[in-house]
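Structures incoming, each one as structure tokens.
Each of the next two complexes has chain A plus one other chain: chain B in the first, chain C in the second.
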Partner chain A sequence: MTDPARSHDATSPRPDEDRQAFAEASESLWRITFGPALWALHFAGSYGVAAIWCAKVAAKGQDIAPLRLGFAVVTLAVLAAIGWLGWRSWRQWDYLGDRDYENAGANHEDRHQFLGHAAFLLSIVSFVGVVYTGLPVVFVQACR
Partner chain B sequence: MHGGAERDVMAVMPVACMPQTNRQTAAACRRAAGCLAMLALLGACEGRQAVLNPAGQDAAVIARLFLGMLTGAVILWLLVAGLFLYVTVFRVSHMPRRWAESLIVGGGVLFPTFVLAGLLSYSLPLMSSQRTGGDGLVVHVRGEQWWWRVTYETPQGNRAVSANEVRLPAGRRTEFRLTADKVIHSFWIPALGGKTDMIPGRETVMTLEPAETGLFRGQCAEFCGASHALMAFEVETMAPDLFDEWLRHAASDAVPPATEAARRGAGIFAAEGCGACHTVRGTPALGRVGPDLTHVGSRHSIGAALLPVTAADLALWVGRTGHLKPDVEMPQYDHLLPDALLDLGRYLEGLK
Partner chain C sequence: MTASAPRAPRPEGPYPPTDEMLARPVPSDLQEAQADRLRAAWRTPQGWRYWSAVNNSEVGVWYTLTAFGFMLIAGLLALAMRVQLAVPQNGVLDADRFNQFFTMHGSAMMFLFAVPMFEAFSILILPAFLGARDMPFPRLSAYGYWCFLIGGTFVMGSLLFDAAPKAGWFMYPPLATRELGIGSDIWLLGLSFIEIASIAAAVELIVGVLKCRPPGMRVNIMPLYAWYVLVVGGMILFAFPPLIAGDFLFELQRSFDWPFFDPERGGDPLLWQHLFWIFGHPEVYIVFLPSIAIAAMIVPTVARRPVVGYSWIVLSAVGTGFLSFGLWVHHMFTTGLPTISLGFFSAASEAVVIPTGIQLFAFVATLMVGRVRMSLPMLWIAGALAIFVAGGLTGVMLAIVPFNWQVHDTYFIVAHLHYTLFGGMVFPVIGGVYYFYPFIAKRLLSERLGRIAFWLIFVGFNVTFFPMHIAGLEGMPRRVFTYPAASGWGLWNMISTLGAFVIAGGFAVFVYDLLRSMGRRGDIPRNPWQAGTLEWSHDIPEEAWGARSIPYVTTRYPLWDQEGIVARMDAGRYYLPDAETGARETLVTSVIDARPLHIQTVTGPTWITHLAAIFTGGAFIFPTFHLYAPAVVCAVLAVAAIIWWLWTATARPPEIPVRDAGLDLRLPTYASGVNAPGWWGMWITMLGDATAFASLVFGFFFYWTARPDFPPAGAEHAAPFWVAAAALAFGLSWAATLVARQSNRAGSRGRAMALLAAGFVLTVAGCGAALLSVLALDPAAHVYPAILWALAVWLCAHGGVGAIMQGYCIAGLVAGKLTPDYDADLCNVTLYWHFLALTALTACAVLGIAPRLLA
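And now, the complex of A and B:
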């Protein structure tokens, strides 16, 4: 070990690497909220838009085809986004790489994989939630 | 069942419970009341206020949905309990980690997700059938504390005002427009269909299509205050031609009192100012605070399915209103002598 930056104390933190790992962790910490956040937005948006549309646009009992079509498109887009997030976090978890589902260590790798694991599970829940929120739109044909 | 199990329980309880002199009788009394309540509940499975005894299109759909869900739940419960017994009693052994994980992911995540999606896809379309339009007749019902203001409106625009009772033509789909006075109520005729909330300042819409003629019972299904439990109503489904005939009668003015006692009763009605709150069409009584009494004598009950419509019960109602119905918005005329009350009862009973 001749690197002067390291040689005086092998256990001291290495500022650059550390900062980078921290930035990455905080980014994926943000990312685990995206799935549930999309679900929440889709849920609140569906209710809000349906209520306003029915009260202001569609006269009672009238066809609401444009609304349903719009819902279908948005729902598919949200599902695709959540699917993509899920796929990314599955990669980040790297389960098939090391078959490791316990990521409890206080080191960068475990933290990285743990956040991936958590984000993966949350995207599954969010995906199912969005599907269930979307189903009424498929089946309910009128505003009442 | 003629009088309704609840009414029988109410009639029996005060008598059985009167001599509460010691703890045993009190306990025995509670037991008796419990038994009666159980009987009433059991009776409800086949009675005229039973979800599982449908007499209309919409109720049949709901009953089928419930039985389907119940069957599914029983099967699932048996499966889960059986599996549990199997691994804890019959074959206790180490399970490979992969098996355990597939069981959790398969049985705990995938299976319920797909079962629930299937159930949702099956049950959601049922909602639109309950919201199809009516065949023409519209019944406006307004939830009051604690009674129902009912107005029939025909496609020709004719109106008939009634209360505490709903009559419907069987085999036709009738539209209900529901609202409420001060607090939320819920309009429910279990034998005919699902319930719909009545919300002050809003109009909720539902339709019902009775399949057979008969007498049923509806009930307020949203707690609304002291007499919520006493806020029920009678429902009669009739052959369409009989219904049309009845509706014409319901829209007509009151018949004049026919007997001497009834004439005295009409005088008392006017003198006591009942007309400030009640309408008897064809007389100066035009109040709108309480139920329309124009044809009260031809209804199936008074006080929102509380008492039958006999002169004696009408007299009891007017003389003991607050005792019969807590917080009722009608003053109690207990200063009237029994004879006067009975005359009033005869007058009201004659308002066919």
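And now, the complex of A and C:
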């Protein structure tokens, strides 16, 4: 997003505010949804592929080992991606740096860390969600 | 993305304001003059003209009362059903009327009460949370309200003519497609009409949260209610369009016999179930989240401290918003889908409990560490939590496939859904009414009557619905108009019926209290609950301006933590303290950090919204009776009314390009591209539109997976030449629009007009080519030609809108409404065209390429 109004910040109450990393232009609300969006893609993909597989590839009652194997690989990849997002947002939250849990201040830094905190928590929920989605494939061995 | 025009003025002056600037007094005579000018600009029309008001405080009240009225009617239907079911073999209602009543009870509670109530309540109170003067598009709210009133009255009114829908609130085919009479058409068309109003409200609310926050209110300090509104608005955009697409297919089948859901001609009734529940399950959360958002505002006030775990509640709202889209098949566990698919949905149904539970724990934690001052609103919230948790627990049970098979379509389900909806919606909303009543009506409701109503409804609710768990486990099916005495269900039903009358008694007390207080003059403190959020800076007696001046906000609870903020707002010492031009204005700020960007003129009272709503209503209602000519006339008039409304009231080049906004800040009075609320409105609308289109495309591929013979062997395909021609024409038209925008910015008005005119011709040609490509196919013969036709019709309808927009921009260039510096319309139209180009290319790929690959 372009940010034509950035230049009119005449005074900066905190030196932190000038740091490029915290600038509004580099921040996006979308970023906190990346974790859940990965869950959604994985979920929709799993559902779609399983439905097509059972309709077009495997006969009723037939073993679906190749599907399960491919599914396991993709699930691990998605979990790794969510883990990476979680790690990045944990760094962004910087809890160990300032022990600030609330991030309720009216400054760039608190906004930046708050978005990190929210993204971090959402990655955890997404991670658990993907693990849950993975469970049926552990137990279900055939198309029925 | 579309940046502002290169020569557009920038904000000038200091921001954020320093303490010295905020301390600077305003002379009292200037204060009074400013207040008078503001009062004049925001004056509510008097007399019969009152109904032309568009201000959120008026529209919000009408909207809320109308939704509440529909709820009372739907409640009376439920009472009648309970009377019928009180004893075995009862004859109060016959089977047909019972079917109409349960169908309308469910449909009205969901479509005419629960979702509209969220929109109504948010329109009413969201601007106050944000210290904004109004919503960004007041006329859109008013249009949405009038559509809702017309559509709701039409659907409800069918009961009086014994013509109401009677195939159940989820309208499953083949029952609903084969049903004689107009009941199902009333449901499909009447409710589609209301769904469009819902999407309009969602657009309004999302843009309100993103762009109309007060300066300084960054995303990390905005009220939790705003977070919930943002999430729920987003959910509406992805949940309602699949249903609209489903309605589109369904009505094509009912009116023209295109066999989308008829298995004999290749269709599949399960497609409707998918599209309905992709809407239907998120809808439960669309209803629940905003109501729990009310709890998120009441709990900190009661606990007298900031909410514990602000980030956790944001996580909870966003997480629930996503996960709730992975639950829809748990309504379809008995339809014979592969067990592995059921497993996915069972897993997601269990996973959604995590974020849903987290917010409840956050509320409990806030109450535990706070200094609780129990109040009547909190009593309702406490009741809500108790009932919702019980409903949530049966939900966890129902997410388990084998248990679900056992109780599918029994009264256990009825008990479960009422526990979640009463606990998750009715109780928090009534709590919200008690809590916000002083803000809305400047009066307090009776504490004593409120407690009586609470205990009647709370006890009555459990007496009514708890026995239904048992009746369900004993095998009593839903939707039966009577049952034999030998079943042994009589006792439970009698208890439920008695309980239902206790609930009704509670609602009677509540309604009496509302009516009673209307006549009384209140003399209440300004902040009766000593809350910390901005809405309690409201004026008593009431002023229509929303906020006397728009504050600079630096905390989550400004009334607690920013000393003197209300006095400063009152004295006009913040932003926009004046209405120099006599126009209604509000401040538009940036999405993340809420830096002031420009002054937005908002629209005032008008009758055009009524005309637009009436004609839109005609376009939806006439087809119910198969009167297509008047429907087309109404559609044309509705489009004309909307064009007139946009032309006369939106994006006019300003007389003064940059104005004083208070505190030495000078802001532009016009914005185009990403800075303009209109651009965001278009973006969000088109996201919803793209979802509806994606649902149609999903339908195409669904037939392919569900049927071995799709596309049928030897079937005639869409004409490849015309498909390619349509793709080319739409692609060129998109390019012409895009270049026209650049040319206009560069100052070549003539070239821009020529390009748009070429675009217009290409669009019309593209629509023609799309129709020619399927013209030889018979859509009533088989689902394959039918879905190709549906895609072509969808594309042409959107092409028509795209052509109108190109024409609108040509007219704007001719009339000087669009100039190189003031090109908001052209930016928005280009944005529409990005989506249209994508739609066209996808549609042409599905029409022309996909069948050959799949066959």
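Please note the rule applied: the second predicted complex is superposed on the first by the 117 of 144 C-alpha atoms of A that agree within 3 Å, B and C clash if a C-alpha of one lies under 4 Å from a C-alpha of the other, contacts with A are read in each partner's own complex, and residues count from 1 in each chain.
In the analysis below, contacts are C-beta pairs under 8 Å (C-beta built on N, C-alpha and C of every residue); 3 or more make two chains touch, one makes a residue touch a chain.
Since the model is a prediction, treat every value here as computed from it, not as a measurement.
Trainee: Using the touch definition from the top, say if A:115 reaches chain B (first), chain C (second), both or neither.
Mentor: Second partner only, chain C.
Trainee: Contacts for A:32 in the overlay, against chain B (first) and chain C (second): which applies, first, second, both or neither?
Mentor: After superposition on chain A, A:32 lies in contact with chain C alone.
Trainee: Who does A:104 touch here: chain B (first), chain C (second), both, or neither?
Mentor: A:104: touches chain C, not chain B.
Trainee: Residues of chain A touched: more by chain B or chain C?
Mentor: C
Trainee: Residue by residue on chain A, keep only those touching chain B in one complex and chain C in the other, then list them.
Mentor: Common to the two interfaces on chain A: residues 128, 132, 135-136, 139-140, 144.
Trainee: Write out the stretch or stretches of chain A touching chain C in their complex.
Mentor: Residues 1-5, 7-11, 13, 24, 27-29, 32-33, 36-37, 39-40, 43, 46-47, 50-52, 54-56, 64, 102-106, 108, 110-111, 114-115, 117-118, 121-122, 125-126, 128-129, 132-133, 135-137, 139-140, 143-144 of chain A touch chain C in their complex.
Trainee: Within their complex, state which residues of chain A touch chain B.
Mentor: 60-61, 124, 128, 131-132, 135-136, 138-142, 144
Trainee: Quick one: in the complex, what on chain C touches chain A?
Mentor: The touching residues are 1, 3-4, 8, 10-16, 18, 216, 218-221, 306, 310-312, 314-315, 318-319, 321-323, 325-326, 337-348, 350-351, 354-355, 553-556, 590-593, 595-597, 674-675, 705-706.
Trainee: Considering the complex alone, what residue numbers of chain B touch chain A?
Mentor: The touching residues are 109, 113, 116-117, 120-121, 124-125, 127-128, 131, 133, 205.
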